[in-house]
C-alpha cells in the first residue's frame, strides 16, 4: 500500500523542500574572535577537522593540527595558512599511544604554549556486521575514538590544571552514540564513552576553568567517513530521504557551530550535547514518522475509518 | 540496490526468528503476591488495562477499574472476578474532570479504602497529520493523557499522604514519548508530560512512601490502539519487520512486567522508565540498522571496497 | 566529615573559577543576519524573551512580541526600537486561548505577514510542594506552557504550510524537562510535553520547510522566574555552588544562542535540544560529583585505603 | 537557612520512610523457570554476580561463573550448589584478554554447551580525581568494563549465531553511565560504551534470536564496590539521604530483576535499560529537589512571597 513509493533512484535530485534549508558556508563569528588563542585539533588535516581548523584560523586562532599522516597535515596547514594568514602548526601523533600524545603536547607547548581550545575530532570507523568483528577490529576503532580521546584530554587537562589555565574542550561524536546502531558497533560504543567522559569532566573540572561540550553530527560527506560507511553510495539516498531538511550537512556548518561552542560567547555552555543532523535522528526514532508516505486521499480514508471506530 | 527487498506482502507470515521469542502468557509472580492489596487501574475495562487487572486479580489483589463506559467496565469486572475469584469493583470516571476524579476516589475509599497500587493507563490517541489538528483535537488527547493522569495522581497522592499510606504508582506511556513522533503529536507530548510528572514525584514523594515508575510499551494489538493508529492494518507489517524480536507484544507480557513493578519485589524501583517493545525503538533509532538488508555477497563486496580505501 | 564545608553564607562572592567563564554580552552574529525577516516572540516583553527580541532586532529583524500585558509589551517595544532602529510590533495575546492566538496571528499577518522565526518563550512557574497543588494550580501552568505553545505552533504551522513558507521554530524549555523535578511539577511536565511536540514536528514538518529546536536554560536571573522560584533568594547560593562555571547565565548569552539557532547558519539544525546551563545538570546528576568536597589530604588517605583493599 | 539541616551524623538510623520500602529477598520467579538452561555470569564469584548466580541456580539453571580468582569462584560455586542442588561450574578467565575469553568459552562448551543466558557483570572501579589518572589507570578500568564485555559478547555471539542458538544477554552498568560522573570517569565512560554496545546489538542481532538488556544499579553494598568507592564510609550517608526510598538496594533485589529479564517472561524485552536505584538518579538530577529541606512554615512564607509578586 503506502510502501509503493519507497524506492528512490540512485542519483535522484534533492527533495524539493531542501530549498528551504540552504547551507550558509561563510564564517559566522566576528573577525578576531580567536585572536591570541591557540586551538588544538586532532584529525585536523582532513574532513570536518580541516573545516573547523579553517574557521578557527580565519577567526584569528593559532591552530595546531595533529594526526598520523604528517604529509596530509602539512599540506592542509599550508593551504589554510595561505588562505587565512594565520599560522597552522602540525604535529604528528597517533592518539592511541599515550607516549606519543605526551610528546605531541610537549611539542605544542614549545610551539604555541598550551591551547585554549581543544577539539577531539580524530576517529576511525567502518561498517561491518558485528559477527564478523574480531577483537582487533573492535580495538582498531575503540583505541582511537575512546582511548585516544581520553589520553589527549587527560594529558592536556593535567597540564592546564598545573598551569592554572582555563580551556574549552569539544568532542565530535555522532547521533548514534545515544541510541546505538548495528553495523558500526565499535564506533557507537566508543563515541558513547567519549560522551560520558565529557559530561563527567564538565562536572568535575569546571573549578579548574574547563568547559566540555559535544557535537553529534549527522551525515556530512567527507572522504574519510563516506568511503568506509557507504562505499557503494547507495545508502546516501536512504539518509537524504529521511532527513527532514532534505540534504546532508556541510563541513562549514559544523565549523561555525564548533567555533561558537569554543568561543567566549559560549562560556556558560558546559556538559552540552548538540545534535546537528538535519533532523535525521528524530525522524528515524519516531514510531509513526513513516506515515509521511500516506497520501492526502489515503488520509481521508483513514480518518473516516478512525471516526467510525466505536469503543476499545 | 538493497531497497528492492523492502515491500512485504500484507498478511505475510511472522519472520522466522520470532520463534526464538515465544510469548509466555502465564502469571509470573507467586500466588498471593497482592493479597490484601487494593489496585486502582484507569482504563481497566479494555486492552492492556484489562490484562493488568486480570493479572493483579489472579495474584490476590482487590481491583478497582475506572473509565467512562460503565457497561464495559461491568462486563470486564464480572469476567475477571469469575475467573480469579477476587472481587473487581467498577467506578465510572472521566479522568479529564477533576470533580469526577474526586468523586471516583470517594467511591473507591468507601468500597475498598485507598489503593496500594495505582496504574494510570487510560489514554486516547489517533493518527493525524499535525496540520489537520484543531485545538480541540489537541485537547481531546492531552486532556485525557496528561491532565487526566495528573488529576488522578495528585488527588490520590494527597489523600494517601494525609493517611500516611505508602503506594506504588505506574504509568503506561509509549516508546515515542522520548523521541517524539510525527502524526501522533498530542499523544507524544502528553505522554512525555506524564513521564516528567512521574520522575518528578518519584523524587519528591518518596518520603511519603510512594514509588513512581513507567512502562513504555511498543506495539501490542488492542482494539483501542490499533483501530485508531493503524486502521487499514498496513502499518503493522512495517512494525513487525523492524521489531528485532519479530512480533508484536502480548497484553499478558505487559501485565507480568507491570505486576512486578507494582509488587514488593520492586520496592527499590522508583523513577524508572522501562521500554518494553521487542527492541523496536533501538532498531528504528540506530542510523545504520537498515544495513540488515545487505546480503552476505554484498557485504563481501563492500568490505573489499572499504579495505581498498586509502586515507581520508 | 566532608559535609562540614557545605553551608555557604548568603551573598557570598562568586567562586574564584567563575573568572574563567566571563559572560560576553555583545551581539554575536553578523549585522543584518535577520534583515527582511520577521520574528514572533511570545513573552517577548520581559526577561529572556525581551533579550532575544533585542538581539534579533539588532540583527535586522522586524519583531512582533506577544503576551497578556499590553503596557509591558509597549514599553519594551519602544525601548528596543529606539535602541536598534528596527520596528518592534506588539500584539496582546493570552496563549491559553486558541481564539486569542488566532486573532493575534491575524493581526501579525496584517502588520508584518507571517513570521520567519517563531520563539515560544511564554511560560509560568512557581515552586510548590505537589501535595498542595490543586487541579487549578496544575492547569495554571500547563495551560500556558504546553497548550499555549501547541496552539501557537499549530496555528502558525497551518498558515505557513498553506502559504508554502518555511520557518524556524524555537522553544525555551528547562533543564528539568528531561529529568523531572519535584516542587515544579506542572512546569516539568508541560516543558517535557513541549520538547516532545517540537521533536515530533521536526520530523513531520521538515518537508514543509520548518525547523524545530529547543533551548533548555539553566538558572538566569529574571524577575519573572526568580521571584517565583526562589522568593527568599537562598536557593541561588546552592545553584551557583553546583554550577561548574561558577555563575548564573545572562539573558544576552541565551539571546546569542537563540539567534544562531534561528538563523540561516543553522538551517541544518532541527530536532536539537541544547542544554545551556553552565554545566549545572551534569553536575547535579552525576552520582559522585559531591566528592569535589574531598580535600587533597583526604584523597591521599582514601587512595591509601583503596590500594590496601584486597579482593571483592 | 534551609541548609542548616544538611549534616547527618555517621551511622544515623535509616530515614523513617524507608519502612514503606522493605526489601523482599526471596526468589520471585516460578520454580524451574530456568530448568535446562545454561547461564554464564562473569564476576559471578562475588557481590551482585554471586547473587544473580544464586537466584538462577535456585530457579534450575546450570550456571557457569568466570573471573580471575579461581579460589573465590570455587568457594562460591560450592556454596551455591550445595544450597540449590544445581551444579555451578567455574572457569578462570580474565575478560581483558581475548584469547582467555576464547579458551573460557571452549571450556564452557565442553562443560555445558553454549549458554542461554549471558550476564556481563565483571567490572572494576575506584574513585579518583581525574587529574590524578594515568593512562594505565584509565585502561585498568576500561579494559575490563568495555573491552572485556565486548570480547565476551562478540565471541559468544559468533558461536551462538553459528549454532543457530538464541540467547538472552544482560549487562550490569550504572546510573551514571547516562549522566557521566566526576571522580569515576573511566567507569562512566566504559559503562556508557557497554550500553551503546548492547543497544546496538539488540537492533542488529534480533534476527539471530538474541536479546540484549541492561540494568543500571544504584548503590548496593558489596565489598568490591564500596571498598573502592566509599573507603571511609562517609559517602554512604549522603547517598541514603538522597535516595527517595531511604535505603540502599539489596543484591537479591537485583537478582530477581535480572532473572526476570533473562527469562522467557521477558522474551519481548530487548534494547531496554532499566534503572534500579531507589530513585536516586531522578532525585539528584531534578533541579529543585533540594527544596525537600524547606519546612512547612517556610513554605507558607514562600507562598505568601510568591503570591505577592506582581509581573515579570
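Each chain carries a letter (A, B, C and D) given by its place in the written order, and its residues are counted from 1.
Convention: contacts are C-beta pairs under 8 Å (C-beta built on N, C-alpha and C of every residue); 3 or more make two chains touch, one makes a residue touch a chain.
Only a predicted model underlies this, so the values are computations on that prediction, with no experimental measurement involved.
A.B. asks: What is the graph distance from subunit B to subunit C, where chains are linked when they touch?
C.D. replies: 1
A.B. asks: What is the chain whose Cα centre is as far as it gets from that of subunit D?
C.D. replies: Relative to subunit D, the chain whose C-alpha centre sits farthest away is C.
A.B. asks: Roughly how big is the turn, in degrees to the nearest 5, that lines up subunit A with subunit B by CA atoms?
C.D. replies: With C-alpha atoms aligned, the rotation comes to 180 degrees.
A.B. asks: Could you please state the distance in Å, as a whole number, between where the Cα atoms of subunit C are centred and where those of subunit D are centred?
C.D. replies: Computed value for the inter-centroid distance: 35 Å.
A.B. asks: Could you work out how far the Cα centre of subunit A sits from that of subunit C, in whole Å?
C.D. replies: 25
A.B. asks: Give me the residues of subunit D that touch two or more other chains.
C.D. replies: 129, 176, 178-184, 188, 199-200, 202-205, 208, 218, 271, 281-282, 286, 289, 292
A.B. asks: Can you list the residues on subunit D that touch subunit C in the complex?
C.D. replies: That would be residues 1-4, 6-8, 10, 43, 45-47, 69, 72, 126-129, 132, 174-176, 178-184, 188, 218-219, 222-224, 227-229, 231-232, 234-235, 238-239, 280-282, 284-292, 299, 301-303, 305-306, 309, 311-312 of subunit D.
A.B. asks: Inside the complex, what are the residues of subunit C that reach subunit A?
C.D. replies: Of all residues in subunit C, those touching subunit A are 15, 17, 19-24, 28-30, 166, 199-200, 202-211, 218, 243-247, 249-250, 253, 256-257, 260, 263-279, 281-283, 286, 289, 292.
A.B. asks: Given the complex with subunit C, which residues does subunit B contribute to the contact?
C.D. replies: 98, 129-131, 133, 135, 138-139, 142, 146-147, 150-151, 154, 157-158, 161, 176-186, 188-205, 208, 271
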